């Protein structure tokens, strides 16, 4: 089975956070491939990956990066696929630099930006499922179910 | 023709910004409906709208709001459709409050957040097209064309 | 005895902070009920709770949430009771996102916002007492006493 | 008729913003008195005002100030009445200094903080009404009405 | 020997930071008294202290407080002595709230603001010495010496 | 009559703001000299000025600068006089850069930092008077008077 | 004469700011070429430009961009030439987004970041001259002269 | 062999971060000298160092400092050499103060600013090599090699 979603990240150290996206996709039965690709350190590999993603059957690209986080934006520049950006927590500025670098894209090239860190990575997985589920009823049912389980996990009085 | 995209906003004063999303969708031949709905002032109408959107054939919801911008998040809580959030520029904090209120969603309920203001509204339109184009080759071709025209409009030496 | 104050929070993990509000109310002899309710994950339960609170005798609602903290605002949209918001400390942005999402409410729907974290939760309890004490002389005397004890606990020279 | 609400502000230049609170109270038939009192420039007058407010029948104090906005906090230190703080927009820091100085109160002395500027002033008026309405059914009905009118003013499609 | 400098702070927990001011003054042979006084929790004691400081021979008041840090400003409102403010590090906002609340004073009531935390407390001590030294040649010589020792402690190549 | 206070600034464009300090000093009958001196563009002139200020009878130096505002700090490095820093409003970051560059001095070299802009400049003048007044009873009386007039200018009900 | 310096920018609207770099270079007799190239809208043209710059004799690349300002970083990824980044003022966040996106580069790919806006553009020109002057005595003399003129333009008493 | 690059820092405690610059330079075979020099505590030594650097054969100066980080700017004021600034992480404000104090230089005196902390220090080393490599083919080849190794270290699928 070919992957529907690509999860890429700027550094191997982002894996613990970004694997949350993969786990989420996996829980919905959506296959993902994971790559470490850097907009700054492996720019040509990144571009090749972005340019060829659609032909290889990828439907959504999730990109996580920190600091001057250009990965999602660079990928979005080279594809017409929806690109989801996850701002990584950064060491000194706590991810506010990553957030601004990911979300403040110029008109013409959107990046669907998530929250900073692990919550954002999980939600990137869910958003990818929501997008794919538009033409996949089975997935849509799983999303409805997911929302129910989410509510159930919360509905507990005082511990 | 029924609309594929819903554009909602917290206040009529957001219309000049949010109509940029509609214009963009229109330029791709994608139909949108526009509503003023407030998470705080018309909460039940907002929820009804969110709950019924999918059945009415809507595929993507674009929500713009400012300040304590809860609109996109509240809508995302009530639908499994992809929700795109546009943080409105705010009077005193310049939209940084809108941005944080839109993007920092808890895990389980993603909002695909765009840049603050008009660039964000335009990009919300493009992202909606990218999502719909996954199963619509004609739209996909228009996106490829759009990227070319975007580049052409830039490729001019020194004015 | 029916509770006068409702303390709600977006996630069970907010309990250690939000229980400071309950302890404070308890020290004044004011009864509170505690619920975990999420604007995003249990939206309908949250609205039902807000809508019915006044009829059930609740006088003040204290709501704590973090990140894109919509809980207090969503509750305030569905009730005419005074709503006190406590911005939870958030992992990456330290509660500044929670603060902006709680305090920057549009005109028409106020949220009485407290400081970020445990100080805010304690003060939410005190503010609820101050509100109820307007028509309760016994409580008012306890507030005067509280202010005296507060001063006494501080008036100590150098340790 | 004696006023139920006191509206005070640090400088006469705050009047255009703070009079929004008075207008709101007036629309609910709640009487307010307005004073210019500065925590820094008329400190003793401010304290006397705060200390005597309850005896004079005041139920809620609304205090607006900007920059190192100490007015609401200083008043809250000298009364057991609920104190609502409105952070004024400031010239250089746009009210973020006013917001932090108003909301980040230490435990023991709450200030119910509103949004920066005119929205905050309006909401201060509404919150004061909500507090007084707890023991005033006529006011409570007006609040229900207000919420309806608020919704009606929004429910208009596309302009 | 009567103290020349008063060091006050909003909470006993500020003592480890604020005692750096005392140590610095002590190293110059300048006597200080230390008091815990809160603008919000012991407001009258604070005002009495401020009002009487000059008559008791105090020349400079150093005030440290955190969060909505009103202590230095409130003291400055009640005295014509120079008041030095030290913004305490705060738990969630790291002292940026303390800094804004201390430094952004309205015209008419200056607070000489130092850096956040221990560096600020040390420098508060030095500034107090610089002020007193204007009419005290012995102190002035110690300041010259201090500057030399400061330089000497730095002038070391690579460890 | 020789000046007691030096007012220096990084650029002639700072004069409209910094002349507020001079006017304030003038209103107290304290003489000031004004110089444009840049830490970055006339570094040696700046150092010579700082080094010689005390011998020339200057008692307090007020330094205003914007952006990477090093002027006050550089001057403080070369004198044992009290140095008051006024952060200039800056074009893009509104003076927050100037504030951090002025106030966050390392331990050993204090700069008495005022509010951003004109309020800060006025207060710099007052603080200088407060310092000089410690040994000048006439000035001290004028400060008491100033505080009274300040209060009188505020004590006016509703405009 | 071939240009030594390349000045590129993300949008034609950046030209008024970025032409300050060209004017500065021109005043030193250093030739520059100016191109509008966008990391997001003309990504391949940008990369080709970066990759070929050194062979074409360019010694320093100055790149200005705003918002999620990826231009300098993308260019730096594709060349071993020194790259100078100028953060453009942005509409809503005033250039703080541009600054973070430009300066917070990951280790391995430096961007020499200047101040936000026109000052930054001018300084980019000067830094480029400083770099080229390391092996060009004539330029070095002009830099010494420039510093003198800079000081002369400042050394004027009180306007 | 004489050093080509000077690495200076405001405090010995900056050495663990700043030695990353030296290691990077060393890996390219470029010699550096390291000095602890403070703009505020050893101002004259700092100026002498800056003024004489070029004559002693230094080509690039790397300066690291934190808080009100004036070191790079002060050095840049006294030399025509390219000056690279590394903002040190600061205790309370996490380096945002250091960043603003380093990067927001006035026009006329550029500082090539790097990212906050260790990444910035490493990149300062690389930028220095890039500058020197303009006239040194051997170094240029090492830079090309470095970029290849950087890419190779990243190009690894999923851990």
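Order of writing sets the chain letters: A, B, C, D, E, F, G and H. Residues in each chain are counted from 1.
The definition used in the following text is that contacts are C-beta pairs under 8 Å (C-beta built on N, C-alpha and C of every residue); 3 or more make two chains touch, one makes a residue touch a chain.
Bear in mind that the values here come from a model prediction, so they are computed numbers and not experimental data.
Listed by label, the chains that touch subunit D and also subunit G are B, F.
More than half of the residue-numbered contact pairs at G-H reappear in one of the options B-C, B-D or A-B, namely A-B. The interface holding more C-beta pairs in contact, when A-G is weighed against B-G, is A-G. Per-chain CA centroids place subunit E at a distance of 18 Å from subunit F.
Measuring from the averaged C-alpha position of subunit C to that of subunit E gives a distance of 35 Å. Our note on geometry: subunit F versus subunit H, Cα centroid distance of 33 Å, whole angstroms. For subunit A, residues that reach two or more other chains under the stated contact definition are 11, 38, 41, 67-68, 93-94, 96, 103-106, 108-109, 115-116, 119, 150. Under the contact rule defined at the top, the touching pairs of chains are A-B, A-C, A-G, A-H, B-C, B-D, B-G, C-D, C-E, D-E, D-F, E-F, E-H, F-G, F-H, G-H. By the touch criterion stated above, subunit A contacts subunit H in their complex at residues 11-12, 15, 34-38, 41-42, 45, 67-68, 91-94. Put simply, subunit C touches subunit D in their complex at residues 59, 80-82, 84, 99, 103-110, 112-116, 118-119, 122-124, 126-127, 130-135, 140, 143-144, 146-147, 150.
Considering their complex, residues 89, 94-96, 115-117, 119, 150-151, 153-159 of subunit D touch subunit B.
Within the complex formed with subunit C, the subunit B residues making contact are 10-11, 38-41, 43, 47, 66-70, 73-74, 76-78, 90, 93, 96-97, 100-106, 108-109, 111.
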